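If you scroll down you'll find the structure; I have some questions about it.
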Amino acid sequence: MSVHSDSLSIRTRGKGTYEITSQVEAILRKSGIRTGQVTVFIQHTSASLIIYENADRSARVDLESYFDRLVPESADYFVHTAEGPDDMPSHIRMVLTRSSETVPVIEGGLALGTWQGIFVFEHRRAAHTRNLVVTVMGSA
Amino acid sequence: MSVHSDSLSIRTRGKGTYEITSQVEAILRKSGIRTGQVTVFIQHTSASLIIYENADRSARVDLESYFDRLVPESADYFVHTAEGPDDMPSHIRMVLTRSSETVPVIEGGLALGTWQGIFVFEHRRAAHTRNLVVTVMGSA
Amino acid sequence: MSVHSDSLSIRTRGKGTYEITSQVEAILRKSGIRTGQVTVFIQHTSASLIIYENADRSARVDLESYFDRLVPESADYFVHTAEGPDDMPSHIRMVLTRSSETVPVIEGGLALGTWQGIFVFEHRRAAHTRNLVVTVMGSA
């Protein structure tokens, strides 16, 4: 068994989902691992990771609409407001989704289901550079 | 250290939770791993995984009632509606729970707490076959 | 590659977040692993784990306020009520957060972002002892 660690940077342009499946696959291929797993980790507290339906863009529109209602920017009881109305909601949205996602590796490929993709879920309005660590563990 | 990968298929019969702890334990035993971890991954976007209270069935009834309220089928702003009223909610319920769960392995067994079990959380009304990948990593 | 397993006990004093980053770092240092990952697992169904903003305490106050509204103790449809009004909400809050968190290890340290910490999220009102398993995998 061996372990390979790599980094990935993604430029986001406001709230929404950004697919990173092909970038993660490229790191997996480079590792030479054939059986094991890949873990993606995001080093931020106002953006997160999800595995989500990647076929129909409307499912991603509804996801964003839902989260805007689930964690509204206007909550009158928030006290952590110094960094703008989208900051505190971004921390809660991060807690309700993931800081890391793990995908099994079979025969050298990501063993995702037919409709699954890996996404960065950006929770801030402004553009950001998001840093991720990709760790591949397994046997060649 | 070594890695073992196996698959598991579960037949669900509508919305709700389906315990898979014993099937995951069987794969762990077969692997011969004594120290390490097991990761279960579900290859779908309308069913998910949770670790949950497995002693009292009423806790699972309330979980289902809660999710039916948290992500209602009737949301009038959903545009991803072609596959039925339970489809878009199923994607959101999946995002709010997990695509993978990891459990440590100690002395050859799953190191779950007294009341913890591993469950497939089915979000569609119809019966489905759900495919999972179980990856065991560690030392014998 | 090698695997190291250790346990950790945390005493909580009611609902809220308890940072455990330094305890996890201590276990990582002891393991001698330089590249790989650490997975923390909590063996309970009424407390959970999150990776969260650790710089400004007000973000943790708002998180607790939000969860008290998201999963209210007074839901009239709950049937699992024998263990008190904070019990059933604690199971749901656990499902909406994590039973395990994984952090990459780079150059012998936790590769957390600048503002990230690892926290136990206690969902019960009473004080509890919470047991965790920390698994470190990787190469020296």
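Order as written gives the chain letters A, B and C; numbering starts at 1 within each chain.
Keep in mind that, in the parts below, contacts are C-beta pairs under 8 Å (C-beta built on N, C-alpha and C of every residue); 3 or more make two chains touch, one makes a residue touch a chain.
All figures in this text were calculated on a predicted structure; none of them were measured in a lab.
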item: Interface sides of chain B and chain C: same vs different residues, half threshold; value: different
item: Rotation angle (°) superposing Cα atoms of chain A on chain C, nearest 5; value: 120
item: Distance from chain C to chain B - Cα centre to Cα centre, in angstrom; value: 19
item: Residue list for chain A, restricted to those that touch at least two other chains; value: 1, 96, 98, 102, 137
item: Chain B residues within the chain C interface of the complex; value: 1, 35-37, 50-53, 56, 58-59, 61-63, 65-66, 96-98, 101-104, 106, 111-116, 137-139
item: Of all residues in chain B, those that touch chain A in their complex; value: 1-3, 5, 39, 41-45, 71, 75, 77-80, 88, 91-92, 94-96, 98-100, 102, 131, 133, 135, 137
